[in-house]
């Protein structure tokens, strides 16, 4: 099976690298070609132009926005060749995904929506997971390659369901970070160092990969951005929109959304969404200081 | 080091068993002696009366309520001997824990508050964790035995801080189950089987031991009680009380508490707290059916 | 000044009647002409066809939906005559109102958006109020006629601002009814008859015309519909949409919206939105009975 | 009927003045006697010592705290005389009120709990109201005097029920001010001057005496304290405590409480609770300015 890969940003690079290291026959394209070059070390070929990838069997797409997706897929299919299957892993909307499905159906290209859970560090640690929707048969063909990139994939059904599953995932992420902030500040005001409390929590049954890799942020106030407050608000709004459409009340989601808006309104938009900790501290009359304690991220 | 163990209920039995299997010299007492007897197979001695345990170095206590704790510790110390240290693992209140500390200080017995995260199944799987507070030196002595019972312990400071940490843990548990219910019902109404959605979520960075061992309940509606709605409400109220005392606003906690009250008010008090899923379904116009799919609990 | 009136439903009839009784020269049209006939008793003329109203100076429009508005205004302007001003009092959307403004601007007809606060009973009691937006000069011309219909009008600015003001009004209505339900059930469970508690509340500084005219519903469980749960949910959603657009967090609004959705999900859609009282009672383990006490509606 | 009055602070003074002006035979005592002296102009007698009031038929008490109440009632009853009835109008707790009832029962003095709705301005405007609990017969005797002080009283039942009714009233006050803040900031960001929007709202069916007398604060940012954020938080906490006791979920109350805590945590404790408007504005990225528009308080 010949694979193609579009997009070698922070996450795409690591994903393609895992396929290449896993022995796959893979050709890679990136807008800034230089970023893709190091993949040659693992046996990948680096393409000069997108249409070169049209002859691959399966082409993965991992870029930034729906506009990027539309652009690269358009160019990929601009010639006479076309891949058998395209697997789209970017975080695009339900509507974008459905439009892409229509485009690819007309071209006779199989299509899987396959957004991911994890960030670049998670991929490097071999712990990425996928949620996949589209034709079941296509999923079975793609599965071994998805598995190579992490700890597995879950098939949730036809169409764009995987996009909704990813929104649900991000909704929970928002609720969990806010809950973590509430209890971490409570623990601190009661007398516990944050690192001690989070050490317990992260070892406990409540600990997740997410709560663990957020520990450095919560302990040492390292808020370099992984996901901006506005992007998280966007996903919570998408979740609430889905809640309206399907008539599912989502009170914790609504409230988390409004707390995030409070933070955005106060101008805290450029750092990581986990600055919710600073908001919670402020609302508790507390000025936070980094604890400067070495804490792992669990990866 | 000679160990003593008081209380071999569902959790206490498994914990004592791990110490015995780990080669510790351990004497066990339980109100209904028969329940402790099988521990002899692992080399434990079974005591007839509590004062027999007074000559052990460290005595662990794992019973049901503060009244039970008071009773058994009273009897344990009714003779002339006394252990060097008592480690209390039950889920007792801050006030109870502080009173016990005063009692033991007068008797010259070291005391650690060491509540746990996990249930009987978690212990069997070797994944129990402890959060510990009290004198640091006492913790260092106790640590190897705590470690034998699971995957580790976290020391959070002096006094009864571990009790607050445990409350924080249970607060998060309440918020997370409600969030899980919101997104699971949304996923289902959007067209995903619950087991498929939760398979993704549990593999993802958001998955925790807790979300995984709740999957059978959420998928197959197996709501045999692990923790009652009223007990969870009690812990959320304790969290909110602490939030008042330390002036920490806990909006997600408040809201989860009120949702739980809605369920209790509707008479759903005898099954597991995860019947919150049924409430969420009902509020979404959905009548749930078990999916009757084999799902693991991740343990 | 010659007035025209379109729409003599429950509210429109009472409004037109007040203008007629006030001595205005008014011609009225209604789809079902018979409903308008009694207005002749107060000196109104009843038109057979909409274009007859095109020669009036100011034409008021009070119908049900945006589709109705579009239809009647189209017919009104289908001939060669046109009124100087149209005042639209129905509860139409921002977008509908803006489209109407464009249509009327092209025709050279002045336009005021003038939604109301109150129901048919409120109008009868002479207590209707208007919130108005559009050209200030037009408002000054219209003002005396608006004042004739109730206790006054408020001008909030250009364009469709009055529509947003009305949404804000309905958002507050939703929050206030839920708050009333919370405290009324609390008062009852503490031992007060609902009518006694509400008698106090309605006399107190917290009492409003709204809380007073809801007393019969809350006391005697008379839930004949004044506004359906789904219509209220729609207005809360419009409020939340505006909150998103203008980046204003509205946590009480979000929560009220979700509580309303819980009720709708449970199938309570056909009675008045004040059945929120039944939801609150149910969530408190209480089966409500009508108190069968004569209570006024304050009008 | 000979009346006695204890406490001529801002509110007590106005209340006693209304009784005196109404032609009652009234004797007044205040810790700082000078504050009571002007009441002589209306025919009141000013007592030098509390026991002088013991021979009156009904003694009203309007002081600050439960400690004050206990102190003045103790001194009042320190001699051999005693009034037939004591009517306590201060905002004391349920527990304080119950203790006072026990004390007075032993002394054979009838007792009514009669907290009020309104502030000094409301009293001056003749619009004060009472909520009363205690023996019904006592209420009937007291009623004419309560009516003289404002627009009426409501009897809600035996014992301390009036205290709970007052807490419910203040719970609603908290929810309503937060809702007002949400919609006022939304209206402003949409383009309306606050005074124009509130003019509409206050004339509308949603307008209450409370929303009207808060207009100067919301329009001109005049936040001189009428009720501090901490006192409002205390009343919301009392409401939530009652909600726990009677198992009534109060989600809007919980959320308002947490929003208030956010404000208190940020150090905004010395001005009026209506500074919630500033919090809402800040959370919406808005810096508020006074509009410097003359707005009435509706009194």
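Just so it is clear, A, B, C and D label the chains in written order, and each chain counts residues from 1 on its own.
Throughout what follows, contacts are C-beta pairs under 8 Å (C-beta built on N, C-alpha and C of every residue); 3 or more make two chains touch, one makes a residue touch a chain.
As the structure is a computational prediction, the values presented were derived from the model and not from experiment.
With rounding to the nearest 5, the Cα superposition of chain A on chain D corresponds to a rotation angle of 180 degrees.
Distance between Cα centroids is largest for the pairing of chain A with D.
Chain geometry summary: the mean Cα position of chain A and that of chain D are 54 Å apart. With each centre defined as the average position of its C-alpha atoms, the distance from chain C to chain D rounds to 33 Å.
Inter-chain centre distance (chain A to chain C, centres taken as mean C-alpha positions): 46 Å.
For chain A, residues touching at least two other chains, in rising order: 247-251, 255, 259, 261-262, 264-265, 283-285. The residues of chain D lying in touch with chain B in their complex are 237, 244, 247-251, 254-255, 257-259, 261-262, 264-265.
Looking at the complex, you find that chain C touches chain D at residues 117-118, 122, 127, 129, 131, 151-152, 154-159, 161, 164-165, 168-169, 171-173, 175-176, 178-180, 182-187, 189-193, 196-197, 199-201, 203-211, 213, 239, 242-243, 246-253, 255-256, 259, 280, 283-285.
Taken together, the chain D residues at the contact with chain A in this complex read 251, 255, 261-262, 264-267, 282-286.
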